[in-house]
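Structures incoming, each one as structure tokens.
Each of the next two complexes has chain A plus one other chain: chain B in the first, chain C in the second.
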Partner chain A sequence: METRCPKRPTRRQFLSSVAFTVLAGSAAPVLARSISGSLPWEVRSADPPVQVRPGGWLFFTPEEVTTMEAVVDRLVPADELSIGGKEAGCVVYLDRQLAGFYGVSSRLYTSGPFLPGLPTQGYQKPETPAERYRAGLAGIDAWTRDNKGGKRFSELSPDEQDAVLKDLEAGKISISEQLDAKSFFNLMLSNTMEGFFADPIYGGNKDMASWKMLGFPGARYDYRDHVTKHNQPYPLPPVSIAGSTEWITR
Partner chain B sequence: MTTILPRKDVVIVGLGWTGAILAHELTEEGLDVVAIERGPWRDTATDFNIGYAQDELRYAIRKDLFLQPVVEAMTMRNNTSQTALPMRDYGSFLPGNGVGGAGVHWNGHTWRFWDTDFRIADHLSERYGIGKIAELQLQNWGVTAQEMESAFDRFEYLAGISGRAGNINGQIQEGGNPFEDPRARDYPLPPMQMTYAPTLFAEVTRSMGLHPFPTPSANLSQDYINPLGIAMGQCTMCGFCERFGCANYSKSSAQTTVLPVLMKKKNFEVRTDSEVLHVDLDASKTQARGVTYVDTSGEEFFQPADMVLLCAYGLHNVRLMMLSGIGRIYDPNTGEGTVGRNYCYQTNSGAQVFFDDKNFNPFIAAGALGQTLDDYNGDVLDHGPLDFVGGAGVNCIPTNGRPISTRPTPPGTPRWGAAWKQATVKAYKATLGFSSQGSSYPTRGNYLDLDPTYTDRFGRPLLRITFDFPDNDIRMSNWVSDRLEEIAKTFGGRQYVVNRRKKGWDSVPYQSTHNTGGAIMGDNPATSAVNKYLQSWDVPNVFVVGASAFAHNAGKNPTGTVGALAFHAADAIRQQYLRTPGQPLVTA
Partner chain C sequence: MKKIAFSLTLATTVLSAGLALSQAPDDASKIIRGHYQAILADCAACHTAPGGKPLSGGLPLETPFGQLIPPNITPDKATGIGNWTEEDFHRALKTGIGHDGKRLYPAMPYPAYTKMKDEDISSLWSYLRTVEPVFNPVDANQLPFPFNIRLSMLGWNMINFEGGAFKPDPSKSPEWNRGAYIVQGPGHCGTCHSPKTFLGADKVDEALQGASLQGWYAPNITGNSYIGIGSWSEDEIVQYLKSGANGHTIASGPMAEAIQASTSLMTDADAKAIATYLKSTEGGPTGKPQPVSASDPHMTAGAAIYHDTCSACHGGAGKGARQLFPALAGSSIVQQPSAETLVRLVLNGSQGVHTPEAKTQPSMPSLGWRLSDQQVADVLTYIRNSWGNAAPAVQVSDIASRR
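Right, the complex of A and B next:
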């Protein structure tokens, strides 16, 4: 049986409840503080990551899950080098990202006017990643229904799916009025790779599959004993921020 | 309503490298100092926690420690014929946020700019004739390397820089940089132990007659106790340096070198999560009265002070001057006005060599662990027969093997699917990268001002960056890239690729957080915003400290020179300004 510690208060909650006046900001309240006379340090004031637990969907609909799982299994196919994107948890990763601050662009500059920009000026549209996925995944299924005999993307053969993705990547097909297919493909690709290669605590990269594939030791943090062993394989397996599955007795 | 607070001797805007150094120096003088910092308090144990500091997604991809565009964005365009639009996410450069500033998440390359940089206009016109630099707006900085030597020395000893001297009092030292200016003594620590890639780079380039040497590094090669008595630990080469805080107390920053002493002083206070809106001037606009800031409740405070030190990131210093009416904003049409003038960047290119039979273990790395050669940098090379001025340091400093972003593949590799995966696995450990970090020289049309359309959350105009790589710098970078190609060939790998710098600065892919200029130092108030002591010509009780003072950018990382300028300004304040407060240290 899994035992879990009670959720620790975040630094902000702790400070606001104990020592400092809360000054409510617009979106995310943070604290103005005056510090003098010593280095401030409070127990339990760190802000550790929250581990993603698979199970249920916070952002995607069941239809979107089916389409997205088919997409990530083509971007990162299962083969002798690693498990595929679906089994690795890339869609779980994406779901939690899109349900969080990333999905709604809350850290970005989202004030207008929204004008068409030059490529050197970066993304200039008002749609957030969450809105782009909502429109983009529906658009892909609508396109395959219209052009591939009424089938959804997930119902196509792997070769047919690859062909559709290549056309999206090349900007050869249009899936939505407001959404640029090429830029949506690039968004899916970069997010899928994030999920596959990020620490497993974020829901993708199950059992550090991608790290084992590359030989990346993960969160080890101290290589002093190997730095001068030039051109020699690093001997230890990877560890995650959450530890290693190999530490667990099965 | 604005709450008026009790007066302080000195108010400092921003508590990063320069703010911390100035605060330490001026509190030693007995002054009552308050620093006002927009971001949060940050310390090693809490915020760069060894249990989860090594989180690529959080810190490198989602950029947890950086300034968020929702707090302050900037607009950009390549030239005045374009309409500037906001960088809705920061990409090409990543300003810092919070206590420690960008000094928290830098890599740690710690250079001294050359005497030929500080006297660049005189030096180049004497050597090549004035016509050679006619298309550029190059200016002397008003100081010499000799004047700056002790300030460089103090910054390097404060920070425990690991390196090997190349020139001690004119004596060339074996294994160091033979092209550096004379220094009074060696670095406080020896160079870091080298990983495989820079070791090979040194062998190959030395065989070509070039002069590689260990990059001076703020990732410490050994345990160290600095002159303030603060202890630091040996770098573990974890591979999570740039974009991350260091959990080992091994990377020099305000946190690891100054704050443990500064924070204990009774005459120092920092107010965090508090954003300075502007500097308040008196009716004559020649003296600052203090600063107005807003805390997170939205309440405004006026902090009266006898002196104001702008120690924010260089770009923010410039914007604050503009928002406060300190000096006159630069106009590229007339060339008049000084605030916003001579904005420069960095002109980089890179090379990769793909091998079949080598294992570089790319994850064993540190931000500044590597080798550099200066044979093509600054004015080391004779530009007489060449169609450009300036140059580049050539660096083999593999900083990480973090797999979300560091997955080199040869040209022509698909970006996904089975073939992508095979090529990625094959190249991950067997690829050696090196790069050129090129100078960026000022032109009349590259500048900073205030955007006419876009505003921040307080309704203040955003900073507008108008910048493209000058033709001179593109010619320089191409020439240096030819040299990279010669080196790449000599490695004898299976395949190599050289990525050249092209016209059309792109704000999206990361390039460098080395934004310089805009409030430049100099000897003429018509062409510089601050004098040689970083004192505003227009408002003499304001000092503006940071890379904003660089009259151009060299082919070197700026932090060493930024740190030295902080000590240089501190000396001027302690030894001269405090005798006649409010008066200019240089007569225009």
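Right, the complex of A and C next:
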């Protein structure tokens, strides 16, 4: 029995449609468009960043804040070089990131299949950063309660905290069934560094503390006046996208 | 069938021959000369709205006395000037009295157009008759009482208006006289650039010395080397008029529009004549005031803002980069008595004009989101008083109303 797809055109239909298309195409006038040459531009157009301001928590619970503040103060301890991670606003930075699109991985492909990848391929599991922090911080406190005499992570001495973090980093302790301790440590470390070194408009790097520490000039993009001045320190203080305290009339 | 085709062809031939006959050969060249007059006089600046049909009525003009809307001057009989005669038009340009004796407001620069030659007005009229008639009713007179009484312009004219054609100065070169004619007559430069009396008339003895209008400051364009264009060479003036940019500055605001629609389309000879004339004019302060001290707190804050925000383009020493980023050091535009234009540029940004000679349009970003009122004032005070510049400090109260 001959079966035919009903939608498939016959040879005749196909040829006549081609002929018609060619005819119609050649008959249609080619419309010239006049282009002024002027570039599009609007008065007062700007896409200003939203300045993160400390105060209140959008993602973390109070318990999570206490634990996270203890973690960032060990990753970036206050010393003669700079203020600590807590004072610099690393947790504020992280809270706003986790409450935003980063927290829910809205810009990443997060559907399966989930296969183990190479380290260079980055995180390959379905949990979002928000889910990882929720589970991870609870896991750390649960682990210290079980193993450090009922104390929470924040209640341990700095040396004890360092030891726990080192064990996490080495993958020596398990804080959750789904969560790999090592990768959670690395997540906290890289997010803390982001908060500490990113522009202050994102909530961390208070008063450009890390930039002052490094001598990084900040959001500048032209050094024509300085490229020929070899072996001389760059004279200008750092500047944030939002400005600098030097801008205030004293 | 063939017969019909033949008669159609015949009819078409006869018709086109008739059309050709009705247009004498020198009519065409008169229309072309008239079109050039419309460029010199920049009719479109006021009478064409952005995106609107040419000359069918413009955007409202904010005058100190209220709002006026430039009317439709296409040959449409109902809403344009289709019912006007050439005599009506001549009288309107020469005396400010329009069709049916209706008095025009001097926002229509008849005090300048009165200097135009009769033949130029006649050419302009010929051209205006060829513009596409557009039905677009415009209620020009939006002024409040008592200014809305057009007859009041009778008194205004008696006090302020002096008619009569341009009188050449035989002691000057033909080029100078051509420049003076364009500047004072069709080009009506003084309409923006000359200070006004309280009645809104040009202060004749302070011609071209700079004036504020519609929230912009039209700078001093006399040959004054501190505050005018005395430090520009004639070639640089020509370059500015033709392209909107030269090594000193880039046009913005209403001047950018005037360059786009008018001066960039002028002949090189006319642009050169304007330069020759303007360089010869005098006016305004010759000595600089004492600059604001560099240790003033507003200056130190302004310096920090400048180096963090402006210096990437304008350079640490305000030298800019030729034709791409205007120089601020030594700029007469920066040192005008009023900083209105500068405030606008910082808050709103600006884009260079697109002209046949300069197609790249360097633009300045809007910084209104980044700087507070005080910071805008401080950075402007800094650029107006650094690198040899000297001009009054900008007050924070000057900024808020411009946001």
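Methods note: the second predicted complex is superposed on the first by the 198 of 250 C-alpha atoms of A that agree within 3 Å, B and C clash if a C-alpha of one lies under 4 Å from a C-alpha of the other, contacts with A are read in each partner's own complex, and residues count from 1 in each chain.
Rule of thumb we're sticking to: a contact is a pair of C-beta atoms (placed from the backbone, for glycine too) under 8 Å apart; a residue touches a chain by one contact, two chains touch by 3 or more.
Nothing here was measured: the structure is a model prediction, and the numbers come from that model.
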{"item": "First, second, both or neither for A:D162, with chain B first and chain C second", "value": "first"}
{"item": "Contacts of A:A198 with chain B and chain C, given as first, second, both or neither", "value": "first"}
{"item": "Chain B versus chain C as contact partner of A:T61, first or second or both or neither", "value": "neither"}
{"item": "Touched partner set for A:S45, first chain B, second chain C, both or neither", "value": "both"}
{"item": "Chain B versus chain C as contact partner of A:N147, first or second or both or neither", "value": "neither"}
{"item": "Partner chain(s) touched by A:G37 [first = chain B, second = chain C, both, neither]", "value": "both"}
{"item": "Chain B or chain C, by number of chain A residues touched", "value": "B"}
{"item": "Partner chain(s) touched by A:Q178 [first = chain B, second = chain C, both, neither]", "value": "neither"}
{"item": "Common ground on chain A, meaning residues reached by chain C in one complex and by chain B in the other", "value": "36-39, 41, 45-46, 48, 220-222, 224"}
{"item": "Touching residues on chain A, where the partner in the complex is chain B", "value": "11, 23-27, 29-41, 45-49, 74-77, 79, 81-82, 102, 105-111, 113, 115, 117-124, 162, 165, 169, 189, 192-194, 197-199, 202, 210-211, 213-224, 226-228, 230-234, 241"}
{"item": "Complex interface listing, chain B residues touching chain A", "value": "40-41, 43, 45-47, 49-58, 61-62, 68-70, 73, 76-78, 82-83, 85-89, 91, 193-196, 199, 234, 236-240, 247-248, 259-260, 263-264, 266, 268-274, 295-299, 358-361, 363-364, 401-404, 407, 415-418, 421-422, 424-425, 428-429, 453-455, 457, 504-508"}
{"item": "Interface residues, chain A side, partner chain C - complex", "value": "36-39, 41, 43-46, 48, 220-222, 224-225, 236, 239, 242-244, 246-250"}
{"item": "Complex interface listing, chain C residues touching chain A", "value": "297-298, 300-301, 304-305, 307-308, 311-313, 315-317, 347-349, 351, 354, 359, 361, 363, 365-366, 368-371, 374-375, 378"}
